[in-house]
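One chain, chain A, appears in both complexes that follow, with chain B as partner in the first and chain C in the second.
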Partner chain A sequence: MNSAGTFAPIAARPAPLSTHGVSGWIRRNLFPSAGSSLATLTIIAAVVYYLPGFIDWAIVNAVVRPDNATCRALDDAGACWGVIAEKYRLILFGRYPFAEQWRPLAATILMLAMVVASCTRPLWSRWLMLAWVVVFVAFFILMRGGVFGLSAVETDRWGGLPLTLLLSTIGIAAAFPIAILVALGRRSHLPALRTICIVYVELIRGVPLISVLFMASFMFPLFMPQGLTINVLVRVLVGITLFAAAYLAEVVRGGLQAIPNGQHEAAASLGLSYWQTQRKIVLPQALRLVVPSIMNSFISTFKDTSLVTIVSLYELTGSVALALSGDANWRPFFLEAYLFIAAIYWIFCFAMSRYSLWVERHLNVGHRRD
Partner chain B sequence: MADKPSLKRRHWSWRSQAFRGVIYQVLAVGVIALAVWFLTSNTLTNLRIRGIQSGFDFLSQPAGFGIGETVIAFDSSNPYWRAFLVGLTNTVRVAIIGIAIATMLGTVIGIGRLSKNFLLRSLCTAYVELFRNIPVLLQLLMWYLLLNEFLPPVAEALNPAPGMYLSKGGFTFPVPVWGPGYGLALVGAIGGAALAWLYRRWAAAQFALTGRVRTILWPLLALVVVGLYAGWLLGGAPTALDIPEKTEFNVIGGGAVTPEFLALTLGLAIYTAAFIAEIVRSGIQAVPWGQIEAASSLGLTRKRQLQLVLLPQALRVIIPPMTNQYLNLTKNSSLAVAVGYPDLVSISNTTLNQTGRAVECITIIMAVYLTLSLSTAALMNWYNARAAIRER
Partner chain C sequence: MPEPIITFDKVNKWYDQFHVLRDIDLAVGYGERIVICGPSGSGKSTLIRCINRLEEHQQGRLAVDGVELSDDVKVIETVRRKVGIVFQQFNLFPHLTVLENLTLAPMWVTAVPQKDAEERAMAQLTRVRIAEQARKYPMQLSGGQQQRVAIARALCLTPKIMLFDEPTSALDPEMIKEVLDVICELADQGMTMICVTHEMGFAKSVADRVIFMDLGQIVEQNSPDQFFSHPQNERTRDFLSKILTH
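Let's look at the complex of A and B:
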């Protein structure tokens, strides 16, 4: 068509698709390729198909009032959140005497406040340790009673959230120093000490927690001299602590291994003793390196406390069964009650994992590149 | 000469590190020996006073209880040791199937978390955050409740696919009728695998000799499949299936698993998959992007990049924690006792209640799990030594 000599520009290329704005975001994140588009459409279809039914069950048809007749009339068309309104005190505080339940409530709030305080950076000081001791003592006085005009409540009536918190905080607090000693022992030059630590760690890590708890509950009474009985709560606590310490020791050992030998040599050339070296040079660096794993270990211990229900201590998981199995009216609504405590566990664990991210960011300033 | 006595004296003084080391160790061993002696003597005294017999002789007595689901035949007149064996096989069954499901699910979700697709990525993140942060025991109880509560009774069993029935009574599915053909197929597959191994060695030798790269994956798979197929044909190509049939009140025939097994296996797999997903994701992210760029600049195709550069480096990071998760799943299968599945711990618990031999029963549980864990750990150490980066 074109005669020679006339200038004909080729057609302009189409402008590239926008990568900005709403349409650009949708294109980039939802429909970048054929396979991805298919995935997007499948997910949207699934949500459209299932979500209305779920919302109907959880919200629209749900009964919130503790009204057994209405709940039973639902016949699975909706959730009966009323079971929580009816039973929350049994679920949260277990078999603790009903009239005295302000005490476990106060103890729980005290413990939670202390945990939050320990997580707040401006409050990190030596006094925190003392505060923990005070809080533990106050917790025991509140729960156990027998002094200051509080009626005595035996530990076998303790249950629910305070018991979960007690088992996990004491388990973690007691396991941590043991873990550090065992980790140091495992890296020690003294063969007998090293062997003892290795055997302890591998033995505990090789068996399920439930067998350790069985041991604490069934075998421990056989180990003690005649006439000496130790409270089952204490025995289980010892079991959880020893179990958590073995896992934590491996985490700490990982941190110790990452410290270059030069640090030990420099400390030795300054004339620091073994313990001074560990306390002032090695441990601060090693622990900082493994903060995320330490927090993961804490989260595991918190979740593991649910297992004590198998040896008949009614912490959060056990107290749900306690609250509902005996009551034929409310027994059909186990699922709602389980979802309730699952939400409690989830909030605690999720908060811990977010906190661990924060600590990692703020503690590792020296290692940060930017 | 004057030095020597003083040197010797210093050697035995409190200031000598070596001397202090010896003292510490003697003290530690002494304390532990004392504790062990104290506990053992207490235990023996207590056992004698309470008139509890000890020893493992009870293992040969008849158990007197039935077990709901067994891999090997068992009835209540069989001895205790056989009950323990049934428990062990049940544990292994849950562990193997659970590990297979958890690995597949976890890998898919871990890769999904790195997807460019926003919805897919969010869905996978939500999965991980949801299931990781709820105690596994609670999840198992919830799955069991869901299966027990919301499945129809046997008479109205769901029929999700032809020949499969799902109800409160469990899950029933078609199984091939066992015939010699399957045995031969297995033999064929093993023969194929052996040939494949020889081929791989030959290909590696050829690569070292000539530098020519040969396809590995497809010939290997083909050899195994051909071996399997040949064995099956040789055995008369059996095709008979035992398909469950629904009668008015029941479902009969086929293979079946109980709701307890389903709840335990699915619950453990779904929980562990959340951890495996994180391991897979961090393993892939641990390979620096520069490695992929370098591979591209060498002209490797995307498949070869994945095969030669990304996967070998990612697997080195992934496999040790993955093994830990497998062990965790196996150990968590002891929670079967909460949903009533007859695993090792649950059977030991029954035996303990019947015979009162707490020490023996708990020793058996611990010994079995320890053997499993320690042998896996030994295997892992061997793998790590092999897979470690060889530096100068």
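Let's look at the complex of A and C:
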């Protein structure tokens, strides 16, 4: 009621309902246009056509018991999940001595627990770094043995899931700080430093990971002085780290470029030094912007570790081949075995991508207006 | 004229081939309040940004509070502690709360303990009348509030000189006054300040001296009375006629 001179604000009302039940939802989301309707129908047809066959193979006709004769009698009509029950210890722990396999199991659980702890925000503190050092030491003692009455197991016997986890966690953890330094170096005002960083990134990006691993494994020892050898696992770790760091550096650089110059100027005018500016102002904002791409790189690195098979380190993928190649009876059921490790990879990668979404949501304070 | 705190002596600067500052001679006295105006691209911002070395000059001498500016990192650090600057685009740190924006430099640059830094920050926020927003993030504030936070942030390092680089140009009209009021109060308290602005009302009421720049040169400088009533130079008259007609 606005009469002359007075202003009466209209009270806020709730927004009108935007959904109209199930049929409305279906129409809006599945059949909004001719093209979308066609796509929906195609997908439904594909599912109707292929799904029953897959269910027959994977569930109805499948053999779950590790019974080789029954499996062979299936003649591809059903899956032989028995191969997993038969071979899971070889797949999960590779050539690690059978009687000692509680050690890689304990090491794996320890490592996974530490990864989960690191992802938990209340635990983010300086102590986490120390805890990681302790966990890595414990991991090596458990795996390597030779102390505390544990029998010694050389690194070439390590394999399966613990090796995959070791390669990817150390690869990722070491690549990240290197990537940040290289990204900063590429933006440096010092020409020599900038050139070194550019050459490093372009050189590594220009070759496949396999060739880096080959060089680390076979060529590098040729250049070492006589009598000095560095463990192949260490060499491969360095290779993976340098490879991952080059890609990650470009991701970080993308984030750095998105920070407006005014932030640098404000920091400079307040007297902050170069490193203070990077640490307190630029990196916290830049890294936040590229969380999805960073996680993309991490997931790539995790899966890339499967390539170390070619230099005779039998991580998860390699140990499947190892488990089947030595046993003619079970060799035909490689598909089931690979589906098994595919599921393991998928669980890890899916967890990583979900975590990435969580990080994005919880770190973007200050960029939202609420 | 009081003893100068800032002295420009034949200062020249180029951006590549573009001669942006040409033979600048200027002495700013302790407690003096200067407004610089002029058309865009005349070198006003560059001139004040040379004072805290956000830009470097290539010829001539520039001294701030007895320290001559050079490439020496220590010299630059020393000068930056004496000089606070407020930018057109505020340049607050969006990932930090208002309070953290204010305590960052005191804690990391001058090693003030957190508790003291926070007390000092709250005092400055009270001074710019925004203490109740201390826990918010910059993006949650209006432009005028953000600019007042930016002023408080610069004041937390207790500068001897404050530079304002078009502090109200990025603001909605209804927020200009709240920012200018804060700057006026600072001026009343005797702070040496140089303000690049087109707010001529502000210049008239606050400035001791108004400087007009064009094409990288100081064309004319005078007291506000004389400057606005009897502009000497044709370029000044032309400029004033353009900005004072409405």
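Here is the rule we use: the second predicted complex is superposed on the first by the 332 of 370 C-alpha atoms of A that agree within 3 Å, B and C clash if a C-alpha of one lies under 4 Å from a C-alpha of the other, contacts with A are read in each partner's own complex, and residues count from 1 in each chain.
The working rule: a residue touches a chain if its C-beta (ideal position, glycine included) is under 8 Å from a C-beta of that chain, and two chains touch if they have at least 3 such contacts.
As the structure is a prediction and not an experimental result, all values here were calculated from the model.
Q: First (chain B), second (chain C), both or neither: which does A:P177 touch?
A: In the superposition, A:P177 contacts neither chain B nor chain C.
Q: Give one of first, second, both or neither to describe whether A:K280 is in contact with chain B, with chain C, with both, or with none.
A: second
Q: Return first, second, both or neither, reflecting whether A:R288 touches chain B, chain C, both chains, or no partner chain.
A: Second partner only, chain C.
Q: On the A-aligned overlay, A:G146 touches which partner chain: chain B = first, chain C = second, or both, or neither?
A: Neither partner.
Q: By residue count, which of the two partners contacts chain A more extensively, chain B or chain C?
A: Per-residue touch count on chain A favours B.
Q: So, A:L272: does it touch chain B (first), chain C (second), both, or neither?
A: A:L272 contacts chain C only, not chain B.
Q: Mind pulling up the chain A residues that touch chain B in the complex?
A: Listed in rising order, the residues of chain A that touch chain B are 28-30, 32, 36, 39-40, 43-44, 76, 189-193, 196, 202-203, 205-211, 214-215, 218-219, 221-226, 299, 303-304, 306-307, 309-310, 317, 334-335, 338-339, 341-342, 345-346, 349-350, 353.
Q: Quick one: in the complex, what on chain B touches chain A?
A: Contact set of chain B toward chain A: 21, 24-26, 28-29, 32, 39, 42-43, 45-47, 49, 115-120, 123, 129-130, 132-139, 141-142, 145-146, 149-150, 331-332, 334-335, 337-338, 345, 349, 352, 358-359, 362, 365-366, 369-370, 372-374, 377.
Q: Name, in rising order, each residue of chain A that touches chain C in their complex.
A: Where chain A meets chain C, its residues are 260, 262-263, 265-272, 276, 280-281, 284-285, 288, 365-370.
Q: Which of the residues in chain C come into contact with chain A in the complex?
A: 52, 54, 77, 80-81, 83-85, 87, 89, 91-96, 104-105, 108-110, 137-140, 153-154, 157
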